[in-house]
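Have a look at these structures, which come just after this line.
In the two complexes that follow, chain A is the common piece, with chain B as its partner first and chain C second.
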Partner chain A sequence: MSELAVRTTGLTKYFGGAAAVDHLTLSVPRGCIYGLLGRNGAGKTTAIKLMLGLLHPTAGSSELLGCDSRRLTPEVRGRIGYVTEGHRLPRWMTIAALARFQRAFFPARWDEGLFGEMLDYFRLSAGRKVRRLSNGQRAQVSLAVAMAPDPDLLIMDDPTLGLDVVIRRQFLEGMIQLIQRRGKTILFSSHILGDVERVADRIAIIERGALRADCSLNEFRSAVRKVRLAVPDGMPDEVDIPGLLHSRRGESELELTLVGVSDGQVEAWADQVGAARCKPVSMTLEDQFIEFTSPGDGRLFEWEGE
Partner chain B sequence: MALWIEISPGSHEPIYGQIVSQVDRAIAMGELLPGDRLPAVRKLAAELVINPNTVARAYMVLDEQGLVVSKTGSGTFVADPAMADRDAAELNALSERIDGIIARAMNMGLAAREITRLFAARLKAFTGRRQGGQKDE
Partner chain C sequence: MKFLALLKKELRESAPWIAGAAVLFVLVGGVLLYDRIIDMRHYRPWGLDPGSSVPAYSLIEPSPLDDVASVLLVLSLALGLVLAGRQFWMPTFLRTWAFAVHRSVPRLWVLLAKLAAAAIGFVLAPGAVWTLLFLFASKTASLPYPPRPRVLAEGWLFVTLGLIAYLGTALSACRAARWYTTGTFPLAFAAGVVLLAIALPGTAVTCASLAVGLAVLLPQLVVRFGAKEF
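Then we have the complex of A and B:
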């Protein structure tokens, strides 16, 4: 059995002349929560649809649970849960009818007891029509539908977008509950970095369809950092540290945002240009994400952890 | 034992580091005592709504710092510097049994001083007997 829940190799999708997903190669180990990050329009939804075989790639390939995404067997599909962006559900159905409809796709796995418990917890009666539900309630139904088949791989496209804090927290609780069971894997995309920081083991950052980072959250937290150097003898003409994301020049201070650069490397460079010892500046995950994805004077490059 | 851990995402400190520093502080303040059991990884992860690996990592760091002792199968316990090489799980079990005896003595109406006296007397009798026994051999 493959140790990877998801693997994409050079996955590429063009819409017209533009690449929405551009040679995306990433892998999601089994048993982890994997956060797919990127700004709006970065290609997260397209990448997810390609993985699920809902779109056909222009080039490259992808596999879910060891099975080619273009030819997912009913058996493999039955082990995958998918929560769409915006929680689109058939509006004309009642919750009970939706459950019957969904259950047909997961005959052996659907846990009606769990589904009922989740509805009770959300205080939703099965007779309600989907179109009469609020956005938040629709999201709750969509979470219950995704959890009831006890999926081995749960894929969620920006599941907490636009939800209030209580329902957002319920999604996170559901994710933690699922991942506590052996061999489960979750891939989700999100804009809410606080949620990502809570639950993700690994993250990928996608920009303009291409992979910019693929590493554990902790590696990213320690790899992207900011240092301040005092430059009493004048600014160096050029900052040529490999791993430079941004540099900002003050009166007699130079602030550098770096990725994957050791203290030793910074100090060696500082000595070379006559700058004084560096002062680290602490960063939140949000600071790090913004610095990493905003255009700067450093070149764009990929950060790949261990 | 009282342990309230609060974590805030979006902080400068990573979440596992927040757990480490709060447990560290609770031990320093005497809120957590040697032999106290930390919540199980899965339980704390569910309570705080964070990835279980983050809790496991925090416990690993605390273990490396010698603040706690992890015993496979029985849990993670606050380390006792004086008994660093003893088995934390067994000490914990022992403490619980002593607590049970104290509760029973108090229910019988014994005062703390009487319990101490009784315990000292039994201990003396026991060690005397054991030494006597050893002499016989």
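Then we have the complex of A and C:
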């Protein structure tokens, strides 16, 4: 059995002349909680649909649970839970009818106890119609119907999109509880960094369809950093330190955002340009993400952690 | 079990349209048939006075169900368009395709459930109502010449024409091309088949047109749906 739950190799999708996903190569180990990050329109949904075989790749390939995405068998699909973007469910169904419908596809795997537990946790009554549910409640129902068949791999496309802070927290905590209890593989996309920070072991950052980073969350946190250099004797003509994302020049200060650069390298470069002082600037994950994904000097970095 | 779940979902989603078509057909068809029966009651003493003669065909043609058959044709075609719209266009607008298709069944089953629901809809709404109206016209004592069984069969051909409209619309929705470009080709083809079947005389020609329509549209729909991107 493959150790990877998800593997994509050079996955590419063009819509007309535009690349929505561009040579995406990533691996999601089993048992991992993997956050797929990217700004709106970065290609996260397209990448997920390609993985699930709902779209056909222009080039490259992907595998879910060792099975080619273009030929996912009913048996493999039965082991993959999918929470769609926007939690689109048949509006005419009640929650109970939705559960009956889902259960028919998983006669052996459906966990009625878990489903009931999740409804209780989210304080939802089974008799309510989907059309009467708020966005947040639909998200909760989506999670419950995706989790109740006990999937080996759960794929969620921006599951917390449009939810308020309280519901988002409740949704994530529900998810965390399940993950801890069952040790399943979860791949979820998001552009809400706080959510990712709370649950993900590993992240991939997609920008304009291309993979920019694939590493553990901790590696990313320590790799992307900002330093402020005091340069009293005049600015250097060119900032040529490797791993540079952005540089901002003040009157006598130079602010550098760097990726994958050691302290020693920064200090050596600071000495070289005659910087008097080198001070690290604290960054939140959101700051790091913004700096990492903002276009800098026309360059597009690709960085992979250890 | 899995197919049944899919079929029930499709039937439930199509039910309002099928029920609406049935009610409409009962009302409009019933009124037209009643009106024709009243007409024919007057016609009998007028046409068969002693010493007068009428051509033999005028005793049989027109059938009391002619007007109803026109309604049947329009209703079948409309139901075909509406059902295919509900089953193949609406999930695109509501973005529920992914939920519908990511299932532990072959994708073909999802299509078969839709086709089966549509077939049941056609049998129930225009088909069964047509048959009931025919039986009523045949049994009622007030008609001097009951409609011939051939009229019943012709009505069912009209119902099948609705299925052609359904398949053309469904195939249009499944094509990757934009609906207003080559995406309209299946619809245009279905319209051609329907026009041919109506315009050319003879039941054999109608049957042949229907067979060609089904033979072209159905396999293409199966292939297109299997390869469709959602």
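Heads up, the rule we're going with is that the second predicted complex is superposed on the first by the 301 of 306 C-alpha atoms of A that agree within 3 Å, B and C clash if a C-alpha of one lies under 4 Å from a C-alpha of the other, contacts with A are read in each partner's own complex, and residues count from 1 in each chain.
To be clear about the criterion, a contact is a pair of C-beta atoms (placed from the backbone, for glycine too) under 8 Å apart; a residue touches a chain by one contact, two chains touch by 3 or more.
Keep in mind the model is a prediction, meaning the values are calculated, not measured.
Aligning the two structures on chain A places chain B and chain C side by side, free of any clash. In the overlay built on the shared chain, the residue A:I33 is in contact with chain B alone; chain C does not reach it. For the superposed model, the angle subtended at the Cα centre of chain A by chain B and chain C works out to 130 degrees in steps of 10.
Look at A:M283: by the touch rule set out above, it reaches chain B but stays clear of chain C.
By the touch criterion stated above, A:P74 is placed in contact with chain C alone, chain B being left untouched. In the superposition on chain A, A:R212 contacts neither chain B nor chain C. Of the two partner chains placed by the overlay, only chain C lies in contact with A:P90; chain B stays clear of it.
Looking at the shared chain after the overlay, A:G194 reaches chain B, while chain C stays out of its contact range. Overlay on chain A (Cα): least separation between chain B and chain C is 28 Å. Taken in their complex, chain A has these residues touching chain B: 33, 169, 172-173, 176-177, 179-180, 193-195, 197-201, 218, 221, 282-286.
Of all residues in chain B, only 9-16, 42, 45-46, 49-53, 57 touch chain A in the complex they form. By the touch rule above, chain A contacts chain C in their complex via residues 49, 52, 54-56, 74-75, 77-78, 80, 82, 84-86, 88-92, 100-101, 104-107.
On the chain C side of its complex with chain A, the touching residues are 1-2, 4-5, 8-9, 12-13, 94-99, 101-106, 227, 229-230.
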